[in-house]
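Read through the structure below, which is laid out as C-alpha cells, and then see the notes.
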Amino acid sequence: MITQSIYFDHNATTLLSPEALLAMSQVYQFPYNTSAVHQLGNQANKLVNEARKNLQNLLNAHNYEVIFTSGSTEATNTVFNGIKDVSDILFSTIEHSSVFNCRPKNKNIIEIASNQQGIINISDLQEKLPKHSNFLVSAMLANNETGSIQPVAEIAKIVHQKSGLIHCDIVQAVGKIKVDLEELNVDFASVSAHKFGGPQGVGALLVRKGLDIEPLILGSKQEKGKRAGSLNVAGIVGFSVACQQAQENLVEFAKISGLIDKLQQGLKTICGDDLQIFSQEVPRIPNTLFFSVAKQNSQIALIHCDLHNICLSAGSACSSGSINQSRILKALATDEKFWQGGLRISLGLSNTKEEIDYFLNVYQQFYKLQQKLCQ
Amino acid sequence: MAFSLTYFYKLMSYSQKLLDHYENPRNVGSLNDQAKNVGTGLVGAPACGDVMQLQIEVDQQSGKIIDAKFKTFGCGSAIASSSLATEWLIGKEIENAGQITNKEIAAELSLPPVKIHCSLLAEEAIQAAIADYTKKNAKPTTE
Amino acid sequence: MSIKLPVYLDYQATTPIDPRVIEIMLHTMQNDFGNPHSRSHFYGWRAEELVEIARKQVADLINANEKEIFFTSGATESNNIALKGVANFYKSNQKNHIITVATEHKCVINSCRDLEQEGFSVTFLPVQKNGLIDLEQLKSAITPQTCLVSVMAINNEIGVIQPLAEIGKICRQHQVFFHTDCAQAFGKIPLDVEAMNIDLMSISGHKIYGPKGIGAIFIRRKPRVRIKPLFSGGGQERGIRSGTVPTALAVGLGKAAEIAKQEMQQDYQKISKLSQKFASAISNLTYVYLNGDSQNRYAGNLNFSFAGIEGESMIMAIKDLAVSSGSACTSASLEPSYVLYALGVGADLAHTSIRFGLGRFTTEEEIDFAINLITSKVQKLRNMSPLWDMIQKGIDLNSIQWHSH
C-alpha cells in the first residue's frame, strides 16, 4: 500500500543519506574552521583532506587537484571564467544550463549541434573546432534530462589531438555509473554532492595537475588560493560519506535499469504508438527515462501525478518553472505533437517495483482520460 | 586574519623535543653583562618577530663555558632553539662553542622548514656572544 | 562546574552553531530534502516554501524586503558579487571608480585589486589610529566616476564599528552606491538598510551561530541597484545567483537570523559585561594595548598587543584557549597583520597581538579561566623576554640598532 509520496525525481536532488546526515550532525557540534591555528583547525583540515581522498578514489582522480566549491554551477563558472589562454569555448545544445548559459564576455562561444539521441554531433564538433589550440570544449558525461551517456573519451581524444582542453560536467554520472577521470582523460570536471546522497550547497571542481586557472571567488587563501571563503566543513564531510557510499553502491545502482525497463514496457503497453522514448539507441545511466506522449501536456500530467503523490518532472529542475519546455526536447522529438509532453522519471535506490506498478496504474488512468478529452 | 592551512597543520606538529624546550625552557635569565667573563649576544629585531639574547659565562682559567642564559622574544621554535643552544653551550670550551651549527639545532628539534630561520638566529646569537667575550678579553698586542 | 577545553574565544573566525539551528537543519535535511527549484511536486514546493521563509527572516533583521535578499555560499562570495557585480554593470556609464578602506577583509581588497587589473581605479582610504575612517576624506575621494563605496560595518580583526549611517548619508547625497560587508555585524548590532541608506550588504551564516556554506547578499530595489552576476546558469535567485539554493543551509541561516533578532539585546548585554571584565583584568597586566577605538567597537572583539611577548609563543602558551593572532608567524605570508599596520601599530607590537572573540555561549567561568591563564603565562613569557627588560627600563625599542638577518 503506497501511503507516502513516491519520489521519481532523483536527478533533481536526492535524499541525504542517513550516514552522511549522521556524520554532518557530529561535525555541527564543534566550531570547526580550517583556517584556525588551534586544535579545531587541525581536526577540520584532517576531515577535509579525507574528503578530498574519498572523492579522488571514487573518480580515479589522483592526478587531479580537488577544489571544493558551493556546487557544480560554481565549479563550471570557475573553469569558464578562470581558464587561461583560451579564446573559444565550445559546447553542444544538450548541456545543462550551468554550462549552456555560462558565456563569459571575453570568450567566443560556439554552439555545437546534437543529434536525435541527445548526444553531441561529433562531426559538427570537428568542423567547428578552431584552427588554433586555445579552445575549451565542454561535454557532459551523462545528460540530466535523457540520461544519455556521451562518448567523452572519444571527444577528449579529438580535443587533445588539436591541443585543446576539455571540461566535463560529470554531475549526473557520479554515483550512477563508474566514472574514471583518467580513462576519460578530461582536464576539468564539475561535481555536485546533492545528486548522489550528499548535501546541497557543496560540490567540487577537479583540475588536472599542472593546469592552472584563475580563481572566481577572491579573498583569503583557502583551497591554495583557488577558491576563497571558509570551507563548509560539515557539508564536505557529508560529501565525503556520499562518495564512499557511491563507490559501494554502484553495482546495486546498476540494477535500477530493471525498473526502468519495466516502466518502458508498461508505458508502451498503455500508449502504444503515442509514446516516444528518447535516447533509446545510446547508452544511458541506469535510472533515467525521458519520454513524451502525443498531444500530452506535461504540466497537466504532472498535476495528475502529484494528486496521486508521485513526484516527477518535465525536464531539468532549473527550467521547470519557466514556460519554455525542455531546451533539448525540440532536438530529440521529430514530431511537433511530442513537444509539449516531455516527462522525466529518474529513480534511486529507494524506489521499488510496487511504486513502478502504482505509477503505471495512475498513468494509465491519466492517459485514458486524456484520450477521452481529446476526442 | 586568514592563515595558510598547510602551514598550520605543520605548526601543530611540533616535535616532542621542541615542545619540551618550549614548555620547560632551560637556563632562562640573564648574567651580568658588565662582567669581563660574560659574553652577550643580542640578535634579531622586534619588527621581524624574533629577538634572542644569549649570554655565556666563561671560566677564564679553563676556558670552559660554565653557565649560559637566554631570553627570547619569538615563536615557539625560536624559544626552543635558544634554550637548546644554552644547554649545549654549558660545559663546552669557548674555542669549540662556535662550532655549533644551525643545522644541528634544527635537526635536534625537527624544526619545520618554515622555522629553520629560528635555528639560524640561535647560531648567530652564539657567535655574537662568543665574539663579545672575545672582544672583551682580547690580549692587547705588545708593540 | 567543569569547563570544556579548549575554551573557545575565536568567535570572529567562526561561531559554534546554535543547537536550535542544528535541530531545524537536520530535520530539513531528513524530511524536506527537495530541490527548491523543482516546480512539479510537493518536495520541491515544500523546499521552496522553506527557502522563502528563511529569506523573510534574513530580511526582517535588517529592515529589508525579502525580494532584496539573495542566497549565496557565504559573505566571501557576496563581497565578490557586490564589488565585481556593481563595477562591471556600471562601467559602461564611465563609472569606473571604487572607494574602499585599507582595513577591509581580503575578499573585498582582492576583488578590488582584480578590478584594478581590468582598468578600474580604486581608492583605498586610510584609517585613523583608532581604526575608523575620516568622513571628510571619504567625501573628498568621491568623484563623478565613483560607482561604489565599500566599508565594512565591524572589522573582523579589531572590532571597530564604522559610522554606517553617516557614510550612507554621504553616499546618497553624492548618488554613489554604498556596500557594507556585514559578516561580523549582522545579528550582533542593529542594522537598518533604510535608516542607514545601505544599497548592498554581505551576510555570513557561520558568523551568527548558523552553518558554513551559506550567506546572503542584500541588493536594494528602490532605488534599483543592478549587478552583473558572478555565476551564470539555471537562473536561480532571479538570475542574480545561479545554482541550486541549498534548502537546509538557507533554513539554518534564516533560523539564526530569527534567533538573533529576538536575542540581540540580551546577547549584547551579556557579552559587554564579560568583555568589560576581561578587558579590565588584561589591561592590569600593564603595557597591554587595545587595538582600535575603545568606544565605537563591538564588545565581543578584543584585540590586544602584549608588549614584549611574540604572538605565536603566546598562543602556544595559552593553548587551552582557542584564539587568533596578528603575528607574522601565524600568517601565510610571514608578514604581520595588514589591519594593524593600517592603524599605525608598529611591527614589533603587531607581532604581539592576540584577538579574543567572545560570543553567545561564552560563560563567566570561561572568562575567569582565561584571565587566570593569560595572567600567569604573560608573566612567564615576559620573564623570558629580552624586550621586556628593556621596556621596563623605559628604553625605546626603536632607538636600538638591531642586527637582523
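Each chain carries a letter (A, B and C) given by its place in the written order, and its residues are counted from 1.
Definition applied: contacts are C-beta pairs under 8 Å (C-beta built on N, C-alpha and C of every residue); 3 or more make two chains touch, one makes a residue touch a chain.
For clarity, every value in this text was computed on a predicted model and none was experimentally measured.
If you average the Cα atoms per chain, which one ends up farthest from chain C?
In terms of C-alpha centroids, the chain at the greatest distance from chain C is B.
Please list the single chain whose C-alpha centre lies closest to the global protein C-alpha centre.
Closest chain centre to the overall C-alpha centroid: C.
Rounded to the nearest whole Å, what is the centre-to-centre distance of chain A and chain C, using the mean of the C-alpha atoms as each centre?
Whole-Å distance between the two chain centres: 35.
Need the CA-centroid distance for the pair chain A / chain B, whole Å please.
The computed centroid separation for chain A versus chain B comes out at 60 Å.
Could you please state the distance in Å, as a whole number, between where the Cα atoms of chain B are centred and where those of chain C are centred?
Distance between chain centres: 40 Å.
Please output the residue numbers of chain A that touch at least 2 other chains, ranges allowed.
Those would be 35-37, 39, 219-221.
When you check chain B against every other chain, which residues touch at least two of them?
Correct list: 2-4, 8, 11.
Could you check chain C for residues that touch two or more other chains and list them?
Correct list: 13, 106, 324-325, 330, 332.
Could you please specify the touching residues of chain C with respect to chain A in the complex?
The contact residues of chain C facing chain A are 6, 8, 10, 13-17, 22, 25-26, 29-30, 33-35, 37-44, 72-77, 79-80, 105-108, 110-111, 114, 206, 211-214, 230-236, 242-249, 315, 319, 322-325, 330, 332.
In the complex of these two chains, what residues of chain A are touching chain C?
Checking each residue of chain A against chain C gives 5, 7, 9, 12-16, 21, 24-25, 28-33, 35-40, 69-74, 76-77, 96-99, 101-103, 192, 194, 199-202, 216-221, 228-235, 302, 305-306, 309-314, 316-321.
So in the complex, the part of chain C that touches chain B is made up of which residues?
12-13, 106, 156-157, 308-313, 316, 324-332, 334, 336-337, 346-348, 351, 355, 383-389, 397, 402-405
Quick one: in the complex, what on chain B touches chain C?
1-4, 7-8, 11, 22, 25, 28, 30, 42-53, 71-76, 78-79, 114, 117, 120-121, 124, 128
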